Amino acid sequence: MLKELKDKVFKANLDLVKHGLVIHTWGNASGRDRESGLIVIKPSGVDYESMKPEDMVVIDPEGKVVEGKFKPSTDAPTHLLLYKSWPEIGGVVHTHSSYATSWAQAGKAIPPFGTTHADHYYGEVPCTRLLTDNEIETDYEINTGKVIVEKLGKFDPLSIPSVLVCSHGPFCWGTDADNAVYNAVALEEIARMAFYTILLGKNEPISQSLLDKHYKRKHGNGAYYGQGEKSN
Amino acid sequence: MLKELKDKVFKANLDLVKHGLVIHTWGNASGRDRESGLIVIKPSGVDYESMKPEDMVVIDPEGKVVEGKFKPSTDAPTHLLLYKSWPEIGGVVHTHSSYATSWAQAGKAIPPFGTTHADHYYGEVPCTRLLTDNEIETDYEINTGKVIVEKLGKFDPLSIPSVLVCSHGPFCWGTDADNAVYNAVALEEIARMAFYTILLGKNEPISQSLLDKHYKRKHGNGAYYGQGEKSN
Amino acid sequence: MLKELKDKVFKANLDLVKHGLVIHTWGNASGRDRESGLIVIKPSGVDYESMKPEDMVVIDPEGKVVEGKFKPSTDAPTHLLLYKSWPEIGGVVHTHSSYATSWAQAGKAIPPFGTTHADHYYGEVPCTRLLTDNEIETDYEINTGKVIVEKLGKFDPLSIPSVLVCSHGPFCWGTDADNAVYNAVALEEIARMAFYTILLGKNEPISQSLLDKHYKRKHGNGAYYGQGEKSN
Amino acid sequence: MLKELKDKVFKANLDLVKHGLVIHTWGNASGRDRESGLIVIKPSGVDYESMKPEDMVVIDPEGKVVEGKFKPSTDAPTHLLLYKSWPEIGGVVHTHSSYATSWAQAGKAIPPFGTTHADHYYGEVPCTRLLTDNEIETDYEINTGKVIVEKLGKFDPLSIPSVLVCSHGPFCWGTDADNAVYNAVALEEIARMAFYTILLGKNEPISQSLLDKHYKRKHGNGAYYGQGEKSN
């Protein structure tokens, strides 16, 4: 079942490796089937080199395995909470990419320092609060999802398509698995340039007008970047 | 029309990716036809992997599309203003390359810290002023061109073939599209080494005599680098 | 003799190069045969490009060459001391990988700044004390092993599978040569992110509860990461 | 003439590109024929992609072109001065490699922070004084060689096989062109790790006894690294 989505999610997982965002098994990608609401996700701890499309695991919104010979990614409950909270998203990825993870480890949001950032995020890339010891000890992965949703608050998740989980790393999402990978690639480069920018002595974000200009040039009704249909 | 120039501009755009200066669609290159004054430029938001030479867009100096099924790059008005201001240039490229963009985000010119810099730029790589809110809201891309030209002032644009647009990223130019790519590659490496140099505690530029020596060793009537004809 | 182990150790040595942890001949890997207690190790100063599986050297636990036309790695006495001290390990690698070595050169342990670290090390990656002049002048390589074992103290070596030798570089180990390479790859990325994290202004390690959660999610009886059998 | 040496010098020049030490035409390598004393060097400003072994230029110790259709590298006078001063060397390379050049731009010697350094340099990698305006204006390339030799002073050039030319970049040498490339690769990695080490807060070099141990383990009569014959 869901063969096409399995192929897409499989490819999304490999793309994380291809783009240098994941080594070992430090990442996972998932996608949602719009009709059935089922989620296809990477199996837990399986090597990327031996992984095949049919190894992808199908789970229902409560996390029950519907199809697949492997256990789903340990982070599946986090993915599920994001899907449940945000009907508009269709893909989620989690990586430990070097620069984004370093910002998460430092416990700092990434300020919008330039137009590259503004082209992709309508504001800073936020960093969650730390989980309490209780939240860590019980239902850790669900609580990780909860602090992400709590942090994003009333923002449109597609206008801020990534969050840094404090002391952990980035979660990114999008309209589908491929779009979530796209956002993860953008985030890592934005995190890298923000790191250099900070070291060059800059701490102030760009103006609201420049943020508006670039974000709205690519997104929403007034967008004039690309060829008319939705473009990345 | 302009098949040869389209091939060159197409290759210049791909070279930006090959040299690691562009990910996603974060860049664009253009070239000018000396005879007709027409400009060939990358289409907006088209993936590099699927792009073909015939997808390049031909525009006239006012930005009107003369040939091409796609819309030109959103940054076309910036390119056009540079071509109009500087008859001696034949190619323009814009990237969000990591180190050059970080200097732009920090709002700092790149001082000439060594002979690598002096071999390519006859002085610092300048950083523009910020655009005003009005300049951002109306004719943003034209105004981006204007602050570049304003910043370069009376300098020969071929002796300082790049500028950092504050809070945005580098624009580079040259005698043709290929030469502009050459300059973008040099700029990124110069920006990278300047970043390391600053972190090692150095803030003073090299002496005027060393700047003169290296720049003039490669450029102008007294040049003795290369094989006699113009060399990069 | 030990053809299979030679193949594994040969591959482990090449993998260090493939993963960018070793240039020139700056590294070595070894493995232990569980039955005989013999060690297979890289020959000293032999180029990776010309090296063949049959060039691996077989030594006994005292360092006597049992088979092989080459001298064993100069660091063999360090490997042997680790094998002798820790019966549970089956592989050792030594590299001069860039970030881990820089921490070793700075004489600083790598604090657990995030869950990537906690997934692999149950606490900081420790840094040994400096050797005394006497320890350097006589039996240097054995003494290098001694300060590693001294530093690890009563910790389970498989729960902290790497140490930084002060002013030198990392030694990593594992259940076999391949697992030791796995740990060396993880260490370098963890060292890299810890470096960025420090530069972003963070100095405090993560909480004990987060360290416990992530380490125990992947290791020991309560582990629920992976597919049930031991996973990396 | 000197076909074998031309092949070696050609390969050495390409190896600089392969190892990531040179982009554009920012580097050059040369080798000396022991019998005739003639030097084979890269032509000036010729692209690496189109360059062929027969394009290498043969010059005599005074810089007169003995064979070759191209002009020799602009830096040939610097190479020649090193060959003239140090009969024991057989190869010279010059690069603008990122980290070594950044130390040169900062005007700082690279302290021996660890055993990687001590394995290759018997002391710091020195940085020359700045040239005076007179030295820059007249015979610049010869004077560049002079400050290198002046800086190295009474040291054996094969025990400190590199110098940073202040505000410029590294010159490296060795027993032949290939060995000079080997040293340039080692220098860049040592410069990179020293940069990270400084940023981690370390400023003191290693002890003389550790420097002695590692340098002499690989070099001189007491060496016991490698297979008995001279090893890198």
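Should a chain be cited, it is by its letter among A, B, C and D, assigned in written order, with residues numbered from 1 in that chain.
One rule holds in what follows: contacts are C-beta pairs under 8 Å (C-beta built on N, C-alpha and C of every residue); 3 or more make two chains touch, one makes a residue touch a chain.
Note that this is a predicted model, so its numbers are computed, not measured.
Fitting subunit C to subunit D on C-alpha positions gives a rotation angle of 90 degrees, to the nearest 5. Centroids built from CA atoms put subunit D at 33 Å from subunit B. Look at where the CA atoms of subunit A average out and do the same for subunit D: the two points lie 46 Å apart.
Shown for subunit D are the residues that touch two or more other chains, namely 199. Taken as a contact graph, with one node per protein chain and an edge wherever two chains touch, the assembly forms a single closed ring in which every chain touches exactly two others.
Here the chains touching each other pair up as A-B, A-C, B-D, C-D. Interface residues of subunit A facing subunit C in the complex, by the touch rule stated above, are 23-26, 43-46, 70-71, 74, 96, 98-99, 101-108, 130-131, 133, 136-137, 140, 167-169, 195, 198-199. For subunit B in complex with subunit D, the residues that touch the partner chain are 113-116, 119, 182, 185-186, 189, 192-194, 196-197, 199-202, 206-207, 209-210, 213, 217, 224-228, 231-232.
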